[in-house]
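Paired with chain B in one complex and with chain C in the other, chain A is shared by the two complexes that follow.
Entry: the complex of A and B
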């Protein structure tokens, strides 16, 4: 079935469009096919509610995916985003918990107004981003090593600040607003924030020299340097951007739950990487797109909601996701190889 | 025994987009020195790579001593009867001479290395060739020439029917060359056939018995040397109809100073001081390793240096982006790894060096980008069906034109060209020379770094000769230029 749907597209675009748009189309077809299959096999799957849930349940991976996609396009990994999500959640709670004596240790914070707490939290996230930038851009340590380290640092800070648990006591009401105000149906403001960020990211990626330089660096770092791109500065900016986006995600998620949970976001770094790769990005850099990443996130979303609908026990979801990811990436390789022949 | 030791019939090798070897057929007589000549990109190297098993042929047949020959890798080729002395030295600097010689021939007894007869023989061969080399010496301490002799010893000791030598004299001094020739003649007496590749045509007349000429991947002629009238006949065969315009001295010499170097030193360069005037084509010639690339990269700010580099009376910053904004652009030595973004399209490559010009407040104007690409594709005659094609799919010559476009779009006054014609075919080369002349007539200044003397002599007004990171001589180009003397200087001889 998938094969039949691919064929006409394959013929109509041969040699005409770039590999990137070709892959995006292919992955979009995969998404439609998966969604169609799920709709045919699961009762009541095909509904607006399902589609909206898809967005409501995946927005945070999409925000993280923006930073991770940019970095992957430039040839770098960022495994620290999950840790930063937890750190941002816990710190944002800690900063605005009341500072009065008499509370338990987990209920006592710095008593800041929420706005200041958010800004200070984002500043802390940028410090983690700056650490990544220092070691990777300036000292040229492999990005996987550095960001695995900062992943632990960020999660460690979250653990220490929440005493290994969560901070939820005594939070002001405003803390829970931005993450939980509903727009329509299951969609909340946080998802709208994600949508706005995606639109900005798509624009920056394709229409600005910042986006172009990201591709130049990923395609050939030395040629980019010899073409006058300030490579180190650019990579540093990308890491700062990624940590900022992770910080925003963490604050939104904490607001949604009205708690800063120190175990939040574990595995997010891998999810963000997987959806980016599903979207056609190359682990070697130079190739990839935010649009593809969004489609990739939707594919994974369809797979897990379908697994839920099929009454698969949740622990089986990982294996199902893995199978879909493998199939999708093998298919991408195959189609690209065939195309270049 | 057959008279022909090697027979090649209808050999073809296709690379993506290029047919590097096209229906080549010729025979090599036993017990002779058979020379193989042709310009860069004529297909010699590819042919050699097929013979040594470094790459697979597309189709065609090869017979060694009358039986079908097909090597899987250089070691396999050596066992079947063809050993090779590669252009790039394959010695391991960290090991001793003896360890290098026996590399791959080690015979172990319970994990302990043994000195077998084979090893003793190789060492004897080396003693015979060059008694001054101590087998216990670490290779990193030897000169290039001595490293090469180690490789020759290895090839000789393998006692193969054929030894291929790919430009063995490129890095040797005159006395070393003479010694190599004696060795080759002795090999011939022993019944070994030598296939000898060189750009230096004089060597072919002194040494060769037969010569095969290749051009654009095709076989042009195979003749006994004594049937070749002279050097110019050979050159004619090599370059065919494409006659490269020869140098015409300019009527007016500009004396407006553009660039000045004062005592520039770094890990490779020794006290380089020179000046370049506006509108000149200045050539830099030297062998591989003479410091040409290092000098080009230092001026561009790509490598660190001490000393002063002054453009338009102002000291240059030491990064590429500062060099670009001061009006310098570099066509780097390695096209694929330093010049081109092979994953990206032609239009994205052309704009890469001057994104500011196609953008406002960081926003790209794609219309302007397309128009730019379109104009350079037609100006430089880049052969492609679309500007949205990835540059990895272009041929070498067209890729180089994309790199040129990129540098031209950077709007530089001074263009630094580092081996701009390496690995591209003769036709594209002639186009590159034409582009260079055209640029100069439009007021640009060119610094032309090359290890091919003919192109330096054809294009440049002034020539600097480099040896071991130093400028050994400065010459003004003209009819009286003595290429013999140039070779003498760049191989380490003293300037006369």
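Entry: the complex of A and C
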């Protein structure tokens, strides 16, 4: 009796672990192997500093990855997150810049207290999310096309609000607190926020009906609808959640730099998608996990920092990301094929 | 009673079809009228419709016109290629390098188009042979090609251009900037020729019919003996070659090999196709209308430049895309899966 209760839940009848746990373990081993290889080939790579930097430099991708993972699990894409990051950063700066002083147009803001500025910024991000939700959930337009459009809109708003540059003049001191106060070594409060969000996301994914419905919709939308899941509403909520998380990321990043930069976050949408795919999620829906995404983010972090350590030119980051994603997709498919045989 | 009902339905349906046939042309005319009223006297210097301005605009816009025409076919086949912008960047850089090192125009053109065919077939291979979802597969190649383009430019400089020892030849700009016919360039004539070729391909050849069949219902196409893998792969190769040709044009226009020149070209091509009424689930679309759709974007981007600051561009582009999506949705008969 007790023995039965102690059995992990995801052990299936045949005694095998689920595909998801299997992939997570494989990717974790890949992470260890990559880190080991990097440590052996690059001088001074193996250190606590490097490990901490991995967290300090990748937390924002993890936050974005939560929303993108949920959406990918439900069978949808979100390319607008990078644009929303830029928009949130610029708007949060604009809202709390002083309204009367500023000599130039770029120094003039709305003079709100920081708390209100943050809330209003998040509300603006939710509007972009609502646009996504309207077109994708309600009108059922292909998600890639809609979110490419909202990406342009969000980044466009950022550029218009920052006149194509950045807003940094006259920001109150509190603006820079959450992004730059160190907790432990290179790890700042922002990274802790990411950690808390990941824990909440893991709980929601595995233990709530919201999380399980997401998987059901991704695996079979029609079956989900017939079994009483409000599919449209659920997808709409996922898009709102993703835009909210992107907004939080944007505010944190702006706080880190103490500036709202309109070019911030370019390519983040691809990075978020890459770490999600590395974590074993599939665009066909129904598969993927936040835990896998976090491992994926660490893998990408190791690869990027190793490339930096090997003194490869920064252009290699594009190519490496592409190669790593490609290999991950092929390897995961091969592993799952072999397993199901 | 029932016949009455039917006639109203068919009349409504007919009206919708007529709107669907002509709306893209109407939008183009409206855009041109609005832009020409914004600034200056009609047909005078400073006005949008100043002949030299139009000729310049058409010379400048050749790459996006070419890509949009060919992009329609990939949309019709029910797939997508997000890597066209990066292909454009990479081929522009390669063309500039070749020309700088003394290759003749024809030789460089041949090599670059061959490169485009290779890049397109990589896309086709990933999508059709390895069965990676088109969006993901072409996002991967988009980043890979972009990285390669940047990598080919030596560190420390931002684009391929004249060095102390090597100089771009005089004829580099002739293809895209030389005025051969009413201020239009060879490149624009090539774009028109390409458009005609693609229209013939789409309407008169078996390949064109196969593309529609594959996009309309892939399983049915497979069961009726069409080699779906070959057809879609062929479309990807065609698009790669066209993007490479566009890269030659862009290089010839800019006179340098700028590695980020194609950024956003995929979004523009998607907007053009959507404005042209191409169904994003595949099976329906017209090359000519996408060409007109591309003209609309070109007019907006270059026409608005003189009226509002450059940093409004992105927002305008996004708004036009969403507008196109709504229009496309309202005019399409069936609802589409996400």
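One rule holds in what follows: the second predicted complex is superposed on the first by the 324 of 341 C-alpha atoms of A that agree within 3 Å, B and C clash if a C-alpha of one lies under 4 Å from a C-alpha of the other, contacts with A are read in each partner's own complex, and residues count from 1 in each chain.
Just so it is clear, contacts are C-beta pairs under 8 Å (C-beta built on N, C-alpha and C of every residue); 3 or more make two chains touch, one makes a residue touch a chain.
Nothing here was measured: the structure is a model prediction, and the numbers come from that model.
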Touched partner set for A:213, first chain B, second chain C, both or neither: first
First (chain B), second (chain C), both or neither touched by A:318: second
Contacts of A:153 with chain B and chain C, given as first, second, both or neither: second
Which superposed partner A:327 touches (first chain B, second chain C, both, neither): neither
Chain B or chain C, by number of chain A residues touched: C
First (chain B), second (chain C), both or neither touched by A:136: second
Chain B versus chain C as contact partner of A:174, first or second or both or neither: neither
Chain B/chain C common contact set on chain A: none
Contact set on chain C toward chain A in their complex: 80, 82, 126, 130, 132-133, 135-136, 139-141, 143-144, 146-148, 150-151, 155, 267, 270, 274, 280-281, 309-319, 321-322, 325-326, 329, 335-338
Chain A to chain B touching residues, read off their complex: 18-19, 207-210, 212-213, 215-216, 219-220, 222-230, 286-287, 340
Residue ranges of chain B in contact with chain A within the complex: 300, 302, 320-321, 323-325, 330, 332, 337-345, 348, 351-353, 355-356, 359, 362-364, 366, 388, 390, 393, 406, 410
Contacting residues of chain A [partner chain C, same complex]: 75-77, 131, 135-137, 139-146, 148-157, 159-160, 162-164, 235, 262, 270, 273, 277, 283-284, 313, 315-323, 325-326, 329-330
